[in-house]
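You will see two complexes here that share chain A, one where it goes with chain B and one where it goes with chain C.
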Partner chain A sequence: MPSTPTDRPRPLSPNIQIYRPQLTSVLSIANRMTGVALAAYAVALVAWLVSAAAGPAAYTTVQSLIGSWLGRLLLLGCTFCFFLHLCGGIRHLAWDAGYGFSLRAIYASGWTAVAMSMTLTALTWVVGIVLAGHGQ
Partner chain B sequence: MTRTQMRSALGKAVGLGSARDGVENWLLERVSAVALIPLTLWFTVSTVMHAGDDYATVMAWLRRPVTTTLMALLLMALFHHTALGLQVIIEDYVHSRMKVLLLVGMRLGCLAMAVTGLVATLKIAFGA
Partner chain C sequence: MIIQRSDEVPDITLLKRFPVPRNFGVSAGSRIGKGRTWPAPGGAARIRRFDVYRYDPDSDGNPRIDTFHVDLDDCGPMVLDALIWIKNRIDPSLTFRRSCREGVCGSCAMNIDGTNWLACTRFISDLATPATIYPLANMSIIKDLVADLTHLFAQHRLVEPWLRSRTSAPERERLQSPDERHRLDGLYECIMCFCCTSGCPSHWWNGDRFLGPAVLLQANRWLTDSRDEATGERLDDLEDPFRLYRCHTILNCTRTCPKGLNPGKAIADIKKMLIERRG
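Entry: the complex of A and B
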């Protein structure tokens, strides 16, 4: 008798509860999670544009929300999510073109994406804070 | 470019690969990703350059034709990419009847957001 699916269950994908995280798997799910977060930030971008179109009163209200400590924390999160998703996306485009598939290259590009995201987030905020200081 | 061109004749003959819109989804997600690299970087650099600026200065920037054009392109590419990405995530993790509701709601929400953003951008550009 040939074995039926009930005799021999099909293999399952890795069970994340007992699966040791690696850079590859963490960055893979991070690309999805930052994508979902950026979808929410995209809605915030539309709200910001609508407030600017509505006039100075609405714009000032939205700007004060962004300027609050929670607003700034969320904006910092947005900056990091954006750069991590951007770097992750560029890795994916390289893989789609057939490059960077060796284990060595995958880890090198992965750590580069992490380091670049942190560096670009820090750079963006330092420049922003310096320019905001000059404007006031 | 059509989805048929992206698949080999042998693959189609033996029934390999996506049965429906997988190839097109995959391709459009990457086309929008390529467009979003310069557009999102432009937006990030521009907003950082305007950090701390008052309403009048920001509006003067938003009213420039190049800003209106790039903002419209950004909104379209952004919400197209968002819809394709969220679609795959919903299809991967939601297996109940909620799946269709979420897919339709998400797609309509992305369209509504893109149109709202475009109208706001155009009102800023051409409004009184």
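Entry: the complex of A and C
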């Protein structure tokens, strides 16, 4: 026998399972995820500093980890996270001051944040590699 | 790439939906099962497939997705026309709200191809293939596309959406200068369709305590009204980590508003008012 409508709780219509990802929501979640990643990278930074304080042996080990293929990839990720979070933070500063709320401005600043974080990441690495080359 | 107006239909998207499992955080009673596929009408030249969310409270079944085929040559141009066509020609039990059919009443707000919009102001020709029709996201569902808005109207009542005055009633109406009146532009036009609130991820996760964009836009409408004399109390009521400050400026609200309003800006203005009154 079918139950009466009041017998069972009403279903909840799907939300994140069906809602289309848009620049607005994607950059918002990206800002959060890069923030979490940067917190983890901060721990790694402390580990690097501790190894430097602990002595040459520990420092060499950590340096070789950072210099490995995976270490460099993580470092690249760190740079990108840093710049995306920075650009996102600047957008939020403008919003908190009451600026940039037209849809046009939201999308223009959003794509600018994406493009700038990629450019700045590339620039940082080019400069870093050139400087490292000069150091040798 | 650069969206200028909320009525622009997104045609380039990398992802149709977020890469989460279909049943991610979904309770057993809300899981969507396989529905029925209704045969295409015979002899139709132009046919469009519609996948529509169904829920029948009078059965024990879970929500499901039914597939319909609409004869476009026999049907009006809007999504609402297609739903009415389905109800008239295929399945009379299909349930949805509609009234004005011209974007004024806000009854037919639903999730069309993944974003919230009014069925009466979206063209069928702008839909994806197949078109997907769900009720407003994150709502308690009464039947098919009809969402239970009780909680949202209770939240609306919480901001006391009426004129509050301490001074005694004047002999005639309370006057506003044209400039004071213009400050309400972009606020008073809201039709309470709740497309924005239903599209707000913050309201999905904290809807029990966060008021959501539609209600906060109305809160701003009464804060902005030159005739209202309860601005201080209104701000006191809003200064709360959940009611107001669960807004994280995601701005899905501004992207989805079928009336082209800007709830995100309205909320930011409330936050600014709270900072400014601290001095």
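Throughout what follows, the second predicted complex is superposed on the first by the 122 of 136 C-alpha atoms of A that agree within 3 Å, B and C clash if a C-alpha of one lies under 4 Å from a C-alpha of the other, contacts with A are read in each partner's own complex, and residues count from 1 in each chain.
We take it that contacts are C-beta pairs under 8 Å (C-beta built on N, C-alpha and C of every residue); 3 or more make two chains touch, one makes a residue touch a chain.
Keep in mind it's a predicted model, so treat the numbers as computed, not measured.
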item: First, second, both or neither for A:Tyr107, with chain B first and chain C second; value: second
item: Touched partner set for A:Arg20, first chain B, second chain C, both or neither; value: second
item: Partner chain(s) touched by A:Pro11 [first = chain B, second = chain C, both, neither]; value: second
item: First, second, both or neither for A:Ala42, with chain B first and chain C second; value: first
item: Contacts of A:Ser28 with chain B and chain C, given as first, second, both or neither; value: second
item: Touching both chain C and chain B, counted on chain A across the two superposed complexes; value: 92, 96
item: Chain A residues within the chain C interface of the complex; value: 2-5, 8-25, 28-29, 92, 95-96, 98, 101-104, 106-108, 111
item: Chain A to chain B touching residues, read off their complex; value: 32, 35-36, 38-39, 42-43, 45-46, 49-50, 52-53, 56, 59-60, 79, 82, 86, 89-90, 92-93, 96, 124, 127-129, 131-136
item: Contacting residues of chain B [partner chain A, same complex]; value: 30, 33-34, 36-37, 40-41, 44, 48-49, 51-53, 55, 58-59, 62, 71, 75, 78-79, 82, 85-86, 89, 113, 116-117, 119-121, 123-124, 127
item: Residue numbers on chain C that touch chain A, as the complex places them; value: 1-6, 10, 13-18, 20-27, 29-30, 32, 53, 55, 57-60, 62-63, 111, 113-115, 132, 134-142, 147-148, 199, 201, 204, 248-252, 254-255, 262, 264-265, 268-269, 271-272
